[in-house]
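Look for subunit A in each of the two complexes below; its partner is subunit B in the first and subunit C in the second.
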Partner chain A sequence: MAFTETFTDGNALAGPLREIFALEMTSADGRCVTCGRTGPVADLRVYGHENGPGLVARCPGCEEIVLRLVVTPERVWLDLRGLVSLAVIR
Partner chain B sequence: MSRLAWRVAYLREVRDETPSARTLVLDVPGWPGHLPGQHVDVRLTAPDGYSAQRSYSIASAADGDAADGEAAGGDTVELTVQRVPDGEVSSYLAGPYAVGDPVELRGPVGGWFVWRPADLAPVLLIAGGSGVVPLMSMIRARAAAGSRMPFRLVYSARTPEDVLYAEELKRRALSDRGLDVSYVYTRRAPDGHGRPAGRLTAVDLAEWGWPPEFEPAVFVCGPTGFVEAAADLLVDAGHDPRRIKTERFGPTGG
Partner chain C sequence: MGIVTPGFTGRRRSDVNLPPGQYLTEDFPVLSAGPTPRIPLDTWEFVIVTETGEKHTWSWAQLMAMPSEDVTVDIHCVTKWSKLGTRWRGVPVSAFFDEVETAADFAMAVSYGGYTTNVPLDDLLDGQAWVAYKFDDDDLAPEHGGPARLVVPHLYFWKSAKWVRGLRMMLEDEPGFWETAGYHDYGDPWREQRYQGD
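Then we have the complex of A and B:
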């Protein structure tokens, strides 16, 4: 149980993603590369802190990494390896 | 919309909600307004440059209305911070952080865990500990908008002394027509509560929630373990997972 409680969720990505994107991204529906699950970014399991080693978001269906985000004073580094597509509400 | 920048807020006023939780009334010059359920990110920076950042839900109603209907300026935001043991940020914000002190803030952010007064579904709010904060914003926004949408709050707290907004919830349960408030105490219930202390169960949700056939919009918020357990109970009871919105505060928070 201790392990499963150490994550937050994609809602916590709202701030960091709004520094990069003009649109609100946590409501966007993403499709997982590994298992095909579709759901809002808000539902991802998020580990870590933005100003620590970075954030890792995993699929709640298969636990594979969907995206990673690292923020340094110079740049925001975003790795979207686990997403087939992302449907953003305008 | 444009990219979001950090801004400086100043502490205007504090309200102690419980011995370990405090509401911060912040002046945020140029605050654009928010939707109930949204949060802000707060950043603390030490003189040596070290910084720590955490998310805190907005407690106040969307229109800048402060607690208890007290009119506050449109540039005011209320957060409620629960102190967690050895908590780096919470023990500062709900501790030595004093009136007049600045803090860096980014927001409002989030667009998914949000209730809009125009939404046409009865609402079920399920709170674990400080997870009640964004749900309180929804309850306040409902009243501020004059909405008659039926709302039910099922609030799980450790003991009666841990209940946030206790007085206001008691008052609103009487005055806000269509709002029901029920409590689940996990460690110690008050005398005469009827329900013995213990974790949230399917029976609690059947008794105090909405049946799945009502197709309610469900918002579950609190510590991660609580949210996972409550969401499982709801799905087992027949609620459509697509209508269950969750927000996890992490291992702590209540």
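Then we have the complex of A and C:
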């Protein structure tokens, strides 16, 4: 099964994550649950950045979902299903 | 607030009847949560798995042999665009259930690429939903969910799973991909059921 690519990089997560976290998150290193690849959030492949229902960030190594972020009028929903850990620079 | 505004910007028309909060578009925006899968027709399959684990499988050739319907319907995306009078060809979902015995009230639509969305079975039957493979007389393009997608026009369009691969029947309702991230379990555009709690 072949795929077509339509994503942007993880810097698209900078604004939304800034609203939840006190520290800069795009430079944080995350480890992928699926393939073990470790790298900055900025390197993730972000889908849905053009008026989608939410942001879906995938691992550049294995394409599995690392995190999802949905902003509703009353809540920010954050799904970190694909992260073993996130090392945030202090 | 609105840091990522899930908002489509368009023109609100007063001369057409749109669900609350929706805007009319003539385009067909492409929204995706991942790479667009390309599924060869010779390996494509549509599978209904019942609550007892019984599997019913249809090949592409079998799908093509089933009686199809041409339907013209309005579609409403939760990101606030609506598109009127879209033309599809597909097999009504009820036709698949002629061969399936189930006591389940809910279905999880499952797609190539991993997408899921939950829909009550009653909303898939009686001429309300199709496994569609043509749009505007053309083969359904991969970016719009081809070779085949679910079309459930009376619910927000995220329920119309692109690249549909089958239905998993469920005795209890379970949330799918967007429903586990804040979106409504049912998604009626006329009641503006966008988010959990609406």
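As a working rule, the second predicted complex is superposed on the first by the 82 of 90 C-alpha atoms of A that agree within 3 Å, B and C clash if a C-alpha of one lies under 4 Å from a C-alpha of the other, contacts with A are read in each partner's own complex, and residues count from 1 in each chain.
Everything that follows uses one rule, which is that a contact is a pair of C-beta atoms (placed from the backbone, for glycine too) under 8 Å apart; a residue touches a chain by one contact, two chains touch by 3 or more.
Keep in mind the model is a prediction, meaning the values are calculated, not measured.
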Checklist entry - With the two structures laid over each other on chain A, which partner does A:R75 touch: subunit B (first), subunit C (second), both, or neither? => result second
Checklist entry - For A:A22, is the partner it touches subunit B (first), subunit C (second), both, or none of the two (neither)? => result first
Next on the checklist: I'd like to know which partner A:E63 touches here: subunit B for first, subunit C for second, both or neither.
Outcome noted: second
Next on the checklist: Per the contact definition in the header, classify A:N11: touching subunit B only (first), subunit C only (second), both, or neither.
Outcome noted: first
Checklist entry - For A:G54, is the partner it touches subunit B (first), subunit C (second), both, or none of the two (neither)? => result second
Checklist entry - Which partner does A:D43 reach: the first (subunit B), the second (subunit C), both, or neither? => result first
Checklist outcome for this item: Interface residues of subunit A shared by subunit B and subunit C, listed 1-2, 4-7, 15, 18-19, 50-51
Item to check | Contact footprint of subunit C on subunit A as seen in their complex | outcome: 1-7, 15-16, 18-19, 47-48, 50-56, 58, 63, 65, 68-77, 79
Item to check | Partner subunit A, residues of subunit B touching it in the complex | outcome: 1-4, 39-41, 43, 51-53, 55, 106-107, 109-113, 223-225, 228, 245-251
Checklist entry - How about subunit C: which of its residues touch subunit A in the complex? => result 1-8, 29-40, 78-79, 112-114, 142-143, 158, 178, 180-183, 194-197
Item to check | subunit B contact footprint on subunit A (complex, rising order) | outcome: 1-2, 4-12, 14-15, 18-24, 26-27, 40-43, 49-51, 89
